[in-house]
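Scrolling down, you'll hit the structures one after another.
In what comes next, chain A is part of two complexes: it sits with chain B in the first one and with chain C in the second one.
For the complex of A and B:
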C-alpha cells in the first residue's frame, strides 16, 4: 500500500514564545525546530503500515527550504520518500496550504499511483487551525475522520477509533481515505545509525505548486498576560508534609 | 442572522446544551440579536428540552435536522445536514464550539464551500473593513489577532474563553424541525460502534490531578502517585517524557497534545513546566509543585512548592494521610 504523512516544521519554544520586534511572527532564530507530536505519530504509522502490508511510505511538507531537516528526520526513522512543497517562507493560511497539498498529491499520484491513506496530524503545533486535512480530503472526495488513536488496515477498509473521554468511537472507512491522527496512536521509534546515514543522502523531491490565499490575514501575535503568583515554599522534604496536608484541607480535597 | 451549531448532553434535569455550546451562544448574542441554533436530531435527545435551554442562552429558534443517517455521529453526515440548513437560513455568520465534533463539523462545512474558517476564537468584532478576531495558537500559549474577509464568516469558539451567560427574561427557542436530504455517500464516516474504555475518574474533570514527569524515573515510580491520587479522589496525569518513555499511556498526558485539566489542585511531581505542558495545566485553580529544582518553571507557576525529592516527599505524604 501507499501511505502519505503530511507534516509541518515548527519552532520549539522554551518557557516563553519569543516574538519578532514587529510582533507578527515567532522569533525562531535561536530556537530548534521539530514537528508536532501528532505528526511524529503519523510518520511512524506510515512506516509501520508499510512494514506490515508492503508498499511505500512518503512524507510531505509545505514549508520553507529549511523544512528539509524535518523531512530527513522522517526518512531517518524509515520513510521511503520525502517531498518538499516550497513556500516563500511565510506561513500560508489553511486554504492555501490545503490547495497546495491537493495539487502536490495530484502530481505524486499521477506519477506513482494513488495513496491508500493520507495521514495528517490532528492540528499543527503552532497555528492549530484544525482544518487542512479535512479540506484536502473533501477536495479529493475521500472519507476523513479526525482525532484518531488506533488504525487497523484490513483489505479495502481501515478500522479506526477515537477516544471521547470515557468511550471510544469506532469508524470503518473505505480506502482510499484520509485521517487526522493524535499523539498516542503509537510510540514513534528513534532513528537508527543506518537510518541517519540513509537520510543524509536521501533525495528530497520538490513539487512546486501553490493555491490562492484564503480570506484570513494575520495582524499580530501577542503573549497572553502571565498571572503573577507568589510561590510559598512549604519546605524541602518530608518535614513539609504537615503544611501540605493543611493546604489540602483548606481546599477541601482532603476531609 | 448568526447560526450556532450546538451539541447536546444528558443533564441532571433532561437534555441540555453542552457547556461550550452555551459559551458559543453567548458570544453570538454579543454580535447579533438574531441568534438561531441548529442541532442534529439523533433520536436520543428531546429537542423540546434543548430548545428550552437554547432559549436560556439567547437563541430565538432551534432548527433540528432529521434523517435516518443522522442517528449516529459522522463528520460528513452531520456537516452535510448543517450545510443544508445554513444554505436555507443564509446567515452571515456560523459558529460552533471548538470541540472535537464542533471543530470537525464546521471544518467540513468550510471545505465543502471553500470558505475560510477561523478556529478557536476568543474575541470577535465586526467593522466596516470586515472582521477583527482574536484566536489562540500553540494550544492557548499565544494569541493571534487576525482579519477576516469572507462571504460567510465561519468561526469556532475556544472552549472556556467566554463565560456562558443566561439572558434576563428567557423564553424557549421556537423549535423548527427539518427532514434534510443527504447523499448516501456520507454514511461512510458514521460511527459503527462505541466502546466503553474507562470508568474511573476522568482526567479532564478530576477535582485533583497528581502529575508525574521525568523526575518519577520509571513506570513503577508512579505507584506512589497512584496511591496519593486514590486517597484524594483524583486522577493521575503525566508529562510527555513519561509517555514517551512508556511509563504511562498517552491518555494520561497533560498538555497541548494531551488532555487539558482543570482541577481544584494540580500536584505536579518532577515536572519542569514546559510551555506545552502548561498549555494543558493552566486552568488548574491551584498548583503544588514537588521538584528538586527551586528554579523550575513549575515551581515559579505554583502557589505552593516543596523543593525536594519526590521519592521521599510523596511516600511520606501518602503515609501521613493514611495514618489520619
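For the complex of A and C:
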C-alpha cells in the first residue's frame, strides 16, 4: 500500500517563546526545530503500515528549504520517500497550504499511483488551525476522520477509533482515505544511527506547487503575562517528611 | 529563603563546578562571609556543568593542567562522587601510536598508571570495538567518571553548614559596580542583582560561557567564546544495559576521529570535537525560560554530526548500528585563545576575579588554586603560569583574536600538538621595525604572544655546510626546528651575530618613591649607581618565582624593567598592582617606543666600535653596565650583557630609528660576516650552554632561587615580597638542585637518533624509577636543546641532592623509550666558558 504522512516544521521553544520585534512570528533563529507529536505518530504509523502490508511510505511537507531537516528525520526512522513543497519561507495560511498539498498529491499520484492513506497530525504544533487535513480530504473527495488513536487496515478498508471521554468511536472508511491522528496512536521510534546515515544520502524530491491564499491572516502574537512561580524549600533530610506528606495530601496525591 | 544581604566579603557569581568548588575552598581557608548567586536554579543552573560528560582522563602533557587534574580526581574521590572504569585512547594511525607513546611518557612523569595495548587487548576490555580499525590503545585505568553536580552541592553544603555561605539561585546579575582608585586600578565595590544590591570586597566571575558578559559590566575582559561540542546519547544497547550500572566499560577516545564513546547506563554517549567550529556570542545564549532544554544545551545540528556518526559506526558497528539517537545536543563550553583556563584577578579591575573556561576535570583543583590565590596573594597548588588571565596582552583580548584562535585549536582538542607548535591564524600582530630586513633574510617567525620573532633564518642555510651541522633523523624531532639554528649558533661563537630582541617588554618606573618600590618588588639590591644593571628574581609571596628579569638604573629616579614577551603581560599586571597609592611612582610601558638588537660574538666589540661614539673598552664600559650614547648619530641605550655567552651589547633605540640602526650595524658588520640569527640560538642553544634559566621553564613558583642556583651570597636589608620564605629557604638544605644533564646516547630501539623536545620528559633512575624530591616534586626536563659548542645535547632538570652530583648516571624517558644521561653540572656553572671570560670580553 502507499501511505503519505504530512508534517510541518515548527520551532521547539522553552517555557518562554521569543517573538520577532514586529510581533508577527516566533523568533526561531536560536531555536531547534521539530514536528508536532501528532505528526511524529503519523510518520511512525506510515512506517508501521508499510512494514505490515508492504508498499511505500512517503513524507511530505510544505515549508522552507530548512524543512529538509524534518524530512530527513522522517526518512531516518524508516520512511521511504520525502517530498518538499517549497514555500517562500512565510507561514502559509491553511487554505493555501491545503491547496498546495492537494496539488502535490495530484502530481505524486499521477507519477506513482494513488495513496491509500494520507495521514495528518490532528493539528499543527504552532498555529493549531485544525484545518489543513480536512481541507485536503474535501478537495480530494476522500473520507476523513480527526482525532484518531487507533488504525487498522484490512483489505480495502481502514478501521479507526478515537476516544470520546470514557468511550470511543469506531469508524470504518473505504480506501483511499485521510486521517487526522493524535499523539498516543503509537510510540514513535527514534532514528537509529544507521537510519540517520541512510537519510543523509536520501534524495529529497521537490514539487513546486502553490495555491490561492485564503482569508485567514495573522495579526499579531502576544506572550501571556509571566506567571510568578514561588518555590518553597520544605526542608532537607528525614525531618522534611512530614511537610512533604502534608503537601502531597493537600494536592490529593496522597489521601 | 533568607533576605538578600547588603554586604559581604566576596560574591561568587555562578554555581557551576568552578563556583561551587571555589566557595567550598574559600570556606575551608577561613572566609566566613561568602555570597553565591546564579541566575539559574539549583542544583543545575543550566550552564556547561549540567550537560558535561563528566569523565576525566588524567594524563596531560602539561604540568599545570596535569597537576590540577590529578588534584581534582583526588577531591572527587574524597567527596565520594567518582567511579573509575578506566579509559582507552585508541589509535587508527601510526602517527597516533607515536603520540600514545608520548602519552606513556607523560603518564610516567606524573605518576599515572598506564599501559599500551594491542588491538586484541583493547578488545578484551571493550568487547564491542572493531579491532581491525585500530592499531593499538593507551589504557589509563584511573580514568574516572564523576558526578560534578553532586560534587558542587556537597561543597556548597559544606560551606553553608559552616555558616560561611549564603546561596541565591534564580538571581540574575544586572550590574557589577566599581569605583576609581587614586593611582591604581578601579576597584570592584558591589553587585547589583534582581534581588537587590550587595556590596563586596571581592567579586568572582565563575559564569562559564556568560563570563565575558558579566566581566564587561565592570569594564573588564574575560577572553573566551562559547563553543559547541556535539554529543548524542544513543541506545538502548544490550551489553551496556546488562551491566546494570552507570558505567562499567572503559571510556574510549577515538583520537584520530576526535571522538569519544562513553557508556551512560544502558546507552552510549558519543561526543565529538571533529565538527566545524561553531561559536555563539554570550549575548545570544537563550535564557533558562527561553531554552527548550537548558541554555547551554543548544539545538543539535545533525548535519554537523553526520561524518562523525560514520566514524563511530566504523569503530563500534555491532552495538551502534541499531542504536537509537535519543538525545543529542550542541552543548556549549568555553574556549580561550590559547586553550587554557582564565584564572586570577582581572587586569582591568582590582578584586574582580575570573574563574572561567574550566573543564570538569580541573574544577576542584581550580577551586582550591583560586581560593589560595585570593587568600594568600598567590596559589600554592600549582604555578598559574598557563592559567593566569593576566597572561593575555590587550591585543589578545579582542573578539576577533578569540574567535580566530579558537577556530584554529578546536579541532586540536584531541589533536597531536607538538611542544613547539606554532599558531597559523592572526599572525603579524606585533612586528619589530627590523621585520622587512628579517623577511629579506628568510626569517622563519615564531609567535611569542603576538610578537613575531625570527626563530632562524633560511638565508643562513649556507652556514649548515660550513659548520658541518647534522640534521635530525625523525620528523617529530625536527618539526619546528632547523639545523640552521645550530649553524647560526656556531657562527655567533666564531664571528658575530645580531639578534632581534624587540619582543622583550620594557617598563619604566620612576618618581620620588621609586627606590623603595623597586627594592620591595625585587630580590636583589636595586639601589645601585646610575648605569648599573640588576639581574634579579621576582618572588611570589610564597618565596617561589613570580618572574625573573633585568632592571636597569637609567636615572636617580628611573628604573627600566626588561622582561620576556611570554611574561610581559603578567608582569605588567603585577607591577601595576603594587604601585604605591600615593602616586610617588609612575609605571610606563615603553615597549612600543623601543626596539633592541643584541650584537654578540668575538667580533662584536670591533663591529660596534666602528660605529659607536662610546669607549667600548672593558674598563670604560664594563660588563653589566649601561650607557646612553650614539651609533652614527642614532641615540641608543647600550647594555653590556649577554644571554648567549659571548661578549656584546643589547642596543636599544627608539622604534623610529630601528631600521636605520639595523642597517648601520649590518653595514658595519659586513667585513665580519655578521649574520642575523634567531631566537633558536638566543633562547635555547646559547642559553643552555650557559646554564641560564628561563622563566616558565625552570623558574616557577614551586621553586626558590636557592634551588634554581640564583641565590646571591647576601640578602639586602630592605624588605621585599617573598623575603621571609626566601630567608627560610636559604637556611635549609635544598631538597632540589637545578642541573644541566647531557644525553649520552641518542639511539632508540629502531636504531634512530632521537632528540627530546623538552616537553616535561621524566628523568628516571637507572632502575627506571621516577625521581621525586622531599617536597613531592618530580624531576622532569624543563628545557632541552643542542649545545653545538660543547658537543652535547643538553637537558635541564631539578634533581634531589642525592642525584644532583656531577657525573651521576640517570635516564630520560622520551616517546616511551629510555636514554642514558649524565649530570654534567649540578648548579649554575655554565658548561660553556665556565669562567665567563668570553662573556666579559
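To be clear about the criterion, the second predicted complex is superposed on the first by the 226 of 255 C-alpha atoms of A that agree within 3 Å, B and C clash if a C-alpha of one lies under 4 Å from a C-alpha of the other, contacts with A are read in each partner's own complex, and residues count from 1 in each chain.
One rule holds in what follows: contacts are C-beta pairs under 8 Å (C-beta built on N, C-alpha and C of every residue); 3 or more make two chains touch, one makes a residue touch a chain.
Only a predicted model underlies this, so the values are computations on that prediction, with no experimental measurement involved.
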item: First, second, both or neither for A:233, with chain B first and chain C second; value: both
item: Which of chain B and chain C A:128 touches, first, second, both or neither; value: first
item: Contacts of A:69 with chain B and chain C, given as first, second, both or neither; value: second
item: Which superposed partner A:13 touches (first chain B, second chain C, both, neither); value: both
item: Which superposed partner A:254 touches (first chain B, second chain C, both, neither); value: first
item: Partner contacting more residues of chain A (chain B vs chain C); value: B
item: First, second, both or neither for A:193, with chain B first and chain C second; value: second
item: Intersection of the chain A residues that touch chain B with those that touch chain C; value: 13-17, 231, 233
item: Chain C-facing residues of chain A, complex; value: 12-18, 30-33, 69, 72-73, 189-194, 196-197, 200, 231, 233
item: Chain A-facing residues of chain C, complex; value: 1, 41, 170, 234, 284, 286-293, 298-300, 302-303, 306, 309-310, 312-313, 320-326
item: Parts of chain B lying in touch with chain A, wherever the complex brings them together; value: 73, 75-76, 98, 100, 103-104, 107-108, 110-112, 114-120, 132, 136-150, 156, 188-199, 202, 204, 207-208, 231-234, 240, 243-244, 246, 249-251, 253, 256-258, 264-265, 273-276, 286, 288-289, 294, 297, 299-309, 312-313, 316-317, 320-321
item: List of chain A residues in touch with chain B within their complex; value: 13-17, 26, 36-38, 93-95, 98, 125-131, 134-135, 137-139, 143-147, 149, 161-174, 182-184, 187, 214-224, 229, 231-238, 240-242, 244-245, 247-248, 251-254
